[in-house]
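Paired with chain B in one complex and with chain C in the other, chain A is shared by the two complexes that follow.
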Partner chain A sequence: MTSKGEETDLIIVGAGPAGLSAANKAAEYGLRVTVIDEFPEPGGRMLGQFHEESGHWWVGKQIADELIAEAGRRGVRIRCGVSVYGMLKVDDRFEVSTSIGALFAPRVLLATGAAEIPMPVQGWTLPGVMSIGAAQVMANVNFVKPGRRGLIVGINVLAMAIARELSVSGVSLAGIVLPPAGPLAGAAAKPKDNLELLMGLSHLAPSPILRMGSRIARSCNLAGWIANFFPRKGIRMWDIPLQLRTAAVSINGNERVESVTLAQVDAKGEILDGSQWEEPVDFVALAGGLYPLAELASVAGCPFIYTPELGGHLPLHSEQMRTPVEGLYVAGNITGVESALVAMSQGRLAAASIGVDADAIGSGGDRIVAEAMEEVGRTRAAALIQFQPGIAEARRGIYRLWQETIEVGV
Partner chain B sequence: MERIQHHPILGKTKFHQPITYTFNGKKLSGYRGEPIAAALLAEGIRVLRRHEESGAARGFYCAIGHCMECRLVVQGQGIVRSCLTPLEPGMIITEGQQLANEITGRKLP
Partner chain C sequence: MKPPLILICRCEEVSMEQLETAYQSGSCTSRQLKMKTRATMGACQGRVCRRLVEAWLRAQDPHASLDAELLSCRPPIRPVSFGQLARGES
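Let's turn to the complex of A and B:
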């Protein structure tokens, strides 16, 4: 790289499903595109994902390979192993600071994805304690088992999806339990709230108890149902014990995980006296949920909004994926945590908006943007995995806010 | 830890070129291009770093570059995130080290 840096029409940060889909569309519209990603290979979090859909396997790695092959054909430059740590708008172009020097472009798309919410548990700094996504990446991307026998702490959609993947990959799991109650865990430690969250996945659940549980949960007193009917030892979901009445109290060991102290809890998450025991494991995966990874948008001067349904603080953006910073766009999980298919359709939509703004599409651009918007809506409505309830509604709230502020020039 | 040589869904895995490197002076083996943290885990090594202040043992946490817990030292590259840094033949790697603290006056042992 020369000190003057390289010039392209569009820099995309993140080679996940959103970034790659956007890159391919933008290149189709004739733009010169550079995609930057700090992971050694492109594909983002899709690389480690696979799940069963009515008898057939959806494999993220395959979709990533297809997107990467298309990018090659279209002349998209993908640079992996490069971190972006800053950006600055000077006149009408962005200077993007990377670990290999500065890059310049009039337009930047941030597709940096999501990160995991840390979930402190006593003993969580011991080697062998990792985030649930790390267990996924070790087993399914790096092909090294995270340990001989592990325990998952935290019950949510991501934990269940990855637990399934781990068991398919041959990783042995002692079970999935709740985090300890306390100010840090909040509702995550309460059996009731967890079963409610799991409803986002219950249609995929092979366990009749869970399917039944979610149905009952919708209609009546869930806390009472768990206290009375949820089996003390848990139920098996895809052969993994799901223990809604058990919480992790502490992780123990000398310089590495050796065991976890577990305890029985009541429906409110309070520990029952004298119910503690030790479970021998050599790794622990903590599942605290996901939040949009959006620091770069903040560095670029983009205002933020707080939307819990989408994972927390996220850059304000329009339905067309524009941000209030001219020339800066967002797509994928940086705009809220959803599945990879939604991220891909958002990427294509962002590319359409960029194509229109860069005068690369010509006439008919508005129609292409409108169609891409509809496609995002359809993909969202059909999504198999929903990380939180209420996503579509929360989205509408954001777009309303955009119209009431940015569009009218507030 | 065990390597998954053949994945039931993802198929044949990508271990192609075996290489050697050293970690804390010990000669180990791994595969070219895999993240250092994965190679070390396959060798049963979880302690990647001593906490700069307390000296407590630390391992990788997120495995995707977000948390900075997996910092260690690669000769010629300085401090790197081992979950993102590809393994190369002959690399000389040492764990991240505890530091002295001038403010509290704590010296290294």
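Let's turn to the complex of A and C:
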């Protein structure tokens, strides 16, 4: 049972879009690759993702199945249900501590993805309250309805995308509402800020009001005005009431969720007197957004930078996906929250850099890396889902910092 | 009426009120708040509440440092049994 002393060329932590894409590419270059993931099956968040894109459905599970099949053909070892609890560099190789023992490799790629930011509301510890991602996994991966009728608290890209998935899966939603105003929610509780966010998403919007309205509003800078006049009852988006003027006040119930107290708010997110009512629901999904999950990079001694556009604290890395710790690489949402397609191209880029560093590619390696970098740029530019505005600029800032500090040897 | 209790750190059961009290008594960095209240020090090692503690602090003091070193991660970053630790020894 114990895997003491198991040695390989490359350990990849995370079997999602970035990790699997990198594994296949690195194996193609002739490296022995082991992929580790905490979840019982490989695929990462792709397992539960699907969305409509120019007339056809993008189904993450299919993409994951293709990547897993390719990994099988290429001899990549995938070990699921295994947690990594630490890592240490001893001489020129890493010792990766896992729940099934230590693994050793001269190179490690962290493709750990992102985690959810909670959105606390009074009563958020009651059974029946879950993160929006948990609702997604229940419905789309385990095929279990999270409840009979639910409410989503928090308006963001993730909430909208998963609300759509839940609705398609036949889960009844009472609506998507704002979190309560306060020190935890910040701008997320303000109708005006949310409207600006939605304008950035208007190409996804099925509602002509949002699509047309946002175009007009953007050109006239009318977000504040619209926030004031946004219909009190909300508008229906994919049959789900999107309530930009309603906030959750508390989640109520004795043993589990029985209802949510809601209230009307003004354009600043302040509750209007006497506007409270109780909405009967049996589950609540909290949507606070995503942040890069980078604990292992921290343990490995990688320096961090704070970049709000990319989800917060992230390990410093180069455009080629190297970190300042020699032999340690990153790819996917650990480098900033973006779509699965971007993560996949980042995985292939990381594999190219690893292939060059391990002398596995031979001549022409630099060209392969350059092409992989261009592919990341193209995928990013074409991405349908942009989690935050300003991603490309924020990334340029990180690569500039890398050049100014690491490359010149500060 | 007492303000409602909102838990920030579920593992260590630290409420927003306790952060407030700690902040008033002089814990004014995220690290000091952690030391004083045990927020981010539970089984999940701050994976759930770290961002909340930082957001809350920024709301009190917009200039508060969010340096990653203040709430750094230390192994083991996942719950681990003594048996696993013993097997993993190199």
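We adopt the following convention: the second predicted complex is superposed on the first by the 395 of 410 C-alpha atoms of A that agree within 3 Å, B and C clash if a C-alpha of one lies under 4 Å from a C-alpha of the other, contacts with A are read in each partner's own complex, and residues count from 1 in each chain.
Rule of thumb we're sticking to: contacts are C-beta pairs under 8 Å (C-beta built on N, C-alpha and C of every residue); 3 or more make two chains touch, one makes a residue touch a chain.
Please read these numbers as outputs of a predicted model, since none were measured by experiment.
> Here chain A is shared; do chain B and chain C fit on it together or clash?
The answer is fit.
> Just chain B (first), just chain C (second), both, or neither: which does A:Ser298 touch?
After superposing on A, A:Ser298 lies in contact with chain C but is clear of chain B.
> For A:Trp57 in the superposed arrangement: first (chain B), second (chain C), both or neither?
first
> Taking the superposition as given, does A:Ala134 touch the first partner, chain B, the second, chain C, both, or neither?
A:Ala134: touches chain B, not chain C.
> Which partner does A:His313 contact after superposing on A: first (chain B), second (chain C), both, neither?
Touch status of A:His313: second partner only.
> Is A:Gln403 contacted by the first partner chain B, the second partner chain C, both or neither?
Neither partner.
> One more residue to check, A:Thr125. First (chain B), second (chain C), both or neither?
After superposing on A, A:Thr125 lies in contact with both chain B and chain C.
> Kindly classify A:Arg256 by the partners it touches after superposition: chain B alone (first), chain C alone (second), both, or neither?
Only chain B; A:Arg256 stays clear of chain C.
> Quick check for you: in the superposed arrangement, does A:Ala115 touch first (chain B), second (chain C), both or neither?
So A:Ala115 meets both chain B and chain C here.
> State the minimum pairwise Cα distance, in Å, between chain B and chain C in the overlaid complexes.
For chain B and chain C in the superposition, the minimum C-alpha gap reads 5 Å.
> Same chain A residues contacting chain B and chain C, which ones?
Of chain A, residues 38, 83, 115, 118, 125, 293 contact chain B in one complex and chain C in the other.
> So in the complex, the part of chain A that touches chain B is made up of which residues?
38-40, 45, 50, 57, 59, 61, 81, 83, 115-116, 118, 125-131, 133-134, 137-140, 142-148, 168-170, 255-256, 293
> Which residues, counting only chain B, touch chain A once they are in their complex?
Against chain A, chain B makes touches at 1-5, 7-10, 13-15, 33-35, 38, 41-42, 46-48, 51, 56-67, 83-84, 86.
> What does chain C use to touch chain A in their complex?
Spelled out, the residues of chain C in touch with chain A are 4-8, 10, 16, 45, 47-49, 51-52, 55-56, 58-60, 66-69, 72-78, 80, 84, 87-90.
> Which stretch or stretches of chain A touch chain C in the complex?
2, 4, 38, 83-87, 90, 95, 97-99, 101-102, 115, 117-118, 120-122, 124-125, 182-184, 186, 250, 288, 291, 293, 295-296, 298-299, 304, 306, 312-313
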